[in-house]
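Each of the next two complexes has chain A plus one other chain: chain B in the first, chain C in the second.
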Partner chain A sequence: MAIYLFKRISSSIVVLLGVSLLLYCLVYLAPSDPARIIAAQRLGGDVPGADEIEWVRKEYGLDQPLLVQYVSWLGRTVRGDLGYSIRTGNPVADELRHAVGYSLALAAAAMGLVLVIAIPAGVLAGMHEGSVWDRVMRFVSATWVSIPEFWLAFLLIACFSIQLRWLPSYGAKSWRHFILPVLSLGLISAARLAYLIRSAVLEELHQDYMRTARGKGYSYRMSVIRHALPNIVAPFVTMAAYQFSGLASGSVIIETLFAWPGVGSYYVDGIGFRDIPVIQVTALFFASVFMLANCLADVIIVMVDPRVRME
Partner chain B sequence: MTKKNVMTMAALLVVAGLLMFLLVGVVLGSSGDVEQTLVLASGRPLGAINPHDYNSSMAMLDLVYEPLVRYGADGSIQPALAESWDISDDGLTWTFHLRQGVTFHDGTPFDAAAAKWNLDRWVGSDAHTWLPTAARVTSVDTPDSATVVLTLAEPYYASIQDLTLVRPVRFLSPTAVDAAGEFAKPVGTGPWTIESLDDQGAVLVPYAAYWGELPALDKLVVEVIPDPQTRVAALLSGEVHVIGGEYLGGISVESLPTLESTSDVQILKGPALTTFYAATRFSEPPYDDVRVRQALNHAIDRQGIAAAIFHQTAEPAEGLLPPSIPYVTRTASSAYDYDPERAAALLAEAGWTLNGAGMLEKDGQPLKMNLVVDRSRLPQTESMAEVIQSEFKELGIDLELRAYDYSGWLDASTNGDYGLTMRFSWGPPYDPHTVLAGAFHTREGEFTSFCNPALDGLIDSVLATTDDAQRQELYDQIWQLLDDEAAVIPLVYPQRIYALRNEVEGFRLGGTEYDIAYAVQDVVIGAN
Partner chain C sequence: MNVRRWRRWACRNSFSASGIILALLLIIACLLAPILAPGDPTTIDLTTGLQSPSSAHWLGTDELGREVLSRVLWAGRLSISTMAVVLLCCVGVGGAVGVVSGYLGGLIDNVAMRIADFFHAVPQLVLALALIGVLGPGTGSLITALIVTGWVRYARLVRSLVLSEQNSEYIVAVQAIGATHTRIILRHLLPSVTGPMLVQISLDSGATILAIAGLSFIGLGIQPPTPEWGKMLVDARPYLGSAPHLVLPPGLAIFVLVFGFNSLSAGLEHILRPGN
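And then the complex of A and B:
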């Protein structure tokens, strides 16, 4: 178990290193000299002169070779110095930490909503295959999966903010500001997960051991709860981890839309301003969250499902 | 108590509760005093509100800090922190007489020493070489506590305009920096002082000891809302009072029909201050032939573009700069009239003939052009480019569209990798001199929209002239030259657009888009 954990974590770290190198280089592979872009930003978007560009180049250390820049950046990052934002001059570490709190709150609330809706819906649909409930759930799921989150967000804003004036359309100041972003993020993910849970449940229900359990005298409901459900923990945890990392890092659109000051908004602001240190660190953060979620999922599965441990 | 009595009691209590609730609601709702707080929406994060760097919101900077002189609503230069000023005959010595009794928000007096401390932070600095005044001022002197004297190395009439800007010329309290001299907190002399500031927005209140007239409002809130559609939604739901403006957060053209049809909201438009124009690679064929450039100008239906793509929120261009810019006069030329026949005739004169496929050709070479646009600047640029492409095609020109994001456009333009490229002017107080000096004057190794020795000479003279009448004459010559040479292809002048809730009274447009303090000075929130 400990060996497995060690191997899993070290392979994640290697992947992250590779990702960080790729991310660092990508920014500089983009067309146009970064010094020129930064100089132009300071002018509000028109063409900077050669003097401005040279000043920026020296100021931001962009006159070093790429690998040297990467290595010194990596050294600083590992020590916790994530650089300074070009736009604000503040340490990126501070700004990111502040933003992470908001994103995490949103992701946790959305994930909560997803689980509360998806698990009962998926399990019941699977248990009562072919029933009215199952057909309704499948229909709702299939249609909702095709709805883009931002479209749903605007629909909710148009209804609850503009027409009814019950809820605010932007910002992150009170519990009421939570409702629309969480609904926009959660409802569609819930539909997706419910469908997947239903498929997983169905697969287990068709196994031989279910017939054995019924033969032994268990009621249908008990045999599902005691035998089928524990077997879907593995695929369920994988799916849930994937959903969660998606929510935690991918809600870029929803955060920008609702002016929610989380990591997604921070990333978009950074890109808009060509704030290179911010872009690099935040992209690496997204990659790390994804890796961490998957790592955690693997560990949970190993702990919970003895069949995996035997392999 | 019997069950029936309990039920009756419960019912009565509920009814009483509801009545009370309604009563409270009525009382609160119809209170005569409407809260005098104006909420503005900003599309960009506000920043630290440091007047000497380029990262803070221009609108916020205008509310908190003041310049020596202001760009008035009518385009004239108005006194602000300087009550009056004298310029020597040779244009090299500028003497500013400072206003008395002015204090910063922390109580520090504003005097010549404070002014000099501020000016020294940017004059002559490498970090601000884009500002011509920063490069030309050689010394800042304070003969007494109410006078500041700037000495220039060479005459530059537009220094007064530079001093009306926001960044980096406004005045920070000398006590608002830390031990290392780095900016610590936003303390200015302006009518508004910051009560709270974070990444979600700011709250400002009037500065009680302001030297001028206090704003009518009790409070000003600026909310950061990056998405343009969300800004519209916030306006419609009543959470925000004003949206729009170049330096706050623009209104996308697609939202206008919705805003126009909503009875709670009114649209405020102002005359255009900037130009969108296409610059050509004028030193290379086929653009080096003035007849080709003239033909391209006649090939575009600017009225059509203003109507269809901008929904009448832009004016068709009649010259390089809109009439709201100082010194702009029209040469009464027809250089920019939509006249496809004239265009075809000019191209024929230049030796281009139609081949079998309906495309223009000269010596076996087809007339191929490309247009580079920065689609992130304004969503309409790409649509404009498409219309131009089809209008050129009617003449037989094969125009390839290259739509990039900002860095791609910058790269292509600075490397000369374009036939035509879409640019824009900056508006007052930068114009007309900045766009001419920056894009129409030969600069070593830099990309220009158009230049030639005659134009260089005119621009150099007009910047150095100290006589106003002579300056106007020189500008007239410049406009004439630009029209005669069909130097560039001006397209449209985008108008200033704001959308306000009906209860906002007294909002007015200043001389520039960053004059937010002026805009909200007299605002009163009426009843809903």
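And then the complex of A and C:
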């Protein structure tokens, strides 16, 4: 167990280092000189002179070789010094910390909604394959996964903010501001997860141990609860972690749409302004969350599923 | 491809089948936009702004008096061709990396797959956005970003398929006759991976359409005045309550295409599954 954990975490760290290098190298893809961009933005739109560009190049260490720059950037990032936003001049660490709270609240609420809908819907549909409920569920999930989330958000806004005037359509001031973004983010993920759960349940129902359980006299429902469901925990955790990462990227669009002050809209603002420190750090943040979710999922699986432990 | 199997699948899944046909019709209509579109999609005429659908303007006009129907069709033409370019490049690059890496193994395989891990560790949209942030928004950046972030899936898929095929008797047999690596890869390995590839390509077609629309929606994809579905939706936001004819057509068009591609991928998967 301890060995597995160590291996899993160290391989995640290696991948994260690779991602950070990848993101750092991105800057060098820029068609224009980063020193020129930074100098121009510091001057607020004026055309920078050659000596100003040189000053920025020295000040930001852009005259050093790529690897030296990367290592010093990585060192500062690991110690929590995430640099300064070019757009606002504030420390990226402070701005990001502020945004993370909002995003976590949104993601947690959306994930809660996803689980509350997807688990019962998927399990019931799987248990009663071919029933009316199963067919309705399959129809709804097949259509919902094809709906763009920003269009769903628009339809929800048109209905609940404009026609009924019940809920606000942007901002993050009260709990009522939560509802529409959470629905827009959660409903589509829920449909996708419900369908996956249904397939996982169906697969278990055709296993031999289910026939044995029925033969011993368990009722259908009891045999599902006692035998099939514990066996789908492992695939379920993997799928849920994957959906959580999906929520992270979905939040980029949904947060922008609802003017939600989270990491997603912070990222988009940074991109619109070519705020390179913000782009690098925020993308690395998304990657870390993604890695953490997958890592956690694997640890949970090892803990709950003895079959995986044996390998 | 077996026509009888398709027919049987379509009879049992009539809803999915009709989704495929609807998407096909939409694709044809969009590709024929220069012929079918009733007017120019970018000509501004403020005297006819925000008109509801009528016999003169089938889907009405937007706030600048532009034909919504023309804009939907032209936008579709651009989205579909962008998607085709992106996927073609992803399949080409990813497929090449996957085949070489799976077939040769060793150091090349190790290096290629570690690089693929780094790309795979970041959600595609997030990495694509980072690239667009550096390159600056625009159609070129959009295509580059989607290719750079999209090839990995194909590399991994093709590699795993090649690995599982590699030790089959028929490959060992052609190796024994002395066939060259290139011949084995092109004539024997590639044909065996086309089925699962088609399923993945079909699934990714929908996802790519969604990504193009989503990135344009937040202003970082295709730039105005070129019509684009996501962009049309953002522009319609102030008229959400008053002009549903601006909100429904672009969203429905995205939905129909994505649903069609998802259904196609489900159908392909069913038909290609051995033992059916």
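Keep in mind that, in the parts below, the second predicted complex is superposed on the first by the 285 of 311 C-alpha atoms of A that agree within 3 Å, B and C clash if a C-alpha of one lies under 4 Å from a C-alpha of the other, contacts with A are read in each partner's own complex, and residues count from 1 in each chain.
As a convention for this text, contacts are C-beta pairs under 8 Å (C-beta built on N, C-alpha and C of every residue); 3 or more make two chains touch, one makes a residue touch a chain.
Note that the structure is predicted; figures quoted are calculated from it, not measured.
Of the two partner chains, chain B is the only one that A:Arg87 touches; chain C does not reach it. Of the two partner chains placed by superposition, only chain B is touched by A:Arg36; chain C is not. With both structures placed on the common chain, the touch criterion links A:Phe258 to chain B but leaves chain C unconnected. In the superposed model, A:Val145 makes contact with chain C only, not with chain B. By the document's definition of touching, of the two partners only chain B reaches A:Lys173; chain C does not. Of the two partner chains placed by the overlay, chain B and chain C both lie in contact with A:Val268. After overlaying the two complexes on the shared chain, residue contacts for A:Trp55 are found with chain B alone; chain C is out of touch. Overlap of the chain B and chain C contact sets on chain A: residues 30-31, 154, 157-158, 162, 256-257, 268, 274. For chain A in complex with chain C, the touching residues are 15-16, 18-19, 21-23, 26-27, 29-31, 139, 142-143, 145-151, 154-155, 157-158, 162-163, 245-246, 248-249, 252-253, 256-257, 267-268, 270-272, 274-276, 279-280, 283, 286-287, 290-291. On chain B, the positions that touch chain A within their shared complex are 45, 47-48, 53-55, 126-127, 129-130, 199-200, 223-227, 229-230, 233-234, 236-239, 377, 404, 406-408, 410-411, 413-414, 423-424, 426, 438-439, 443, 445-447. The touching residues of chain C, counted against chain A in their complex, run 15-16, 114-115, 117-119, 121-127, 129-137, 206, 210, 213-214, 217-220, 230, 233, 236-237, 240-241, 244, 247, 250-251, 254-255, 258-259, 262-263.
Against chain B, in their complex, chain A makes its touches with residues 30-33, 36-37, 40-52, 55, 86-89, 98, 154, 157-158, 161-162, 165, 168-173, 256-259, 261, 265, 268-269, 274.
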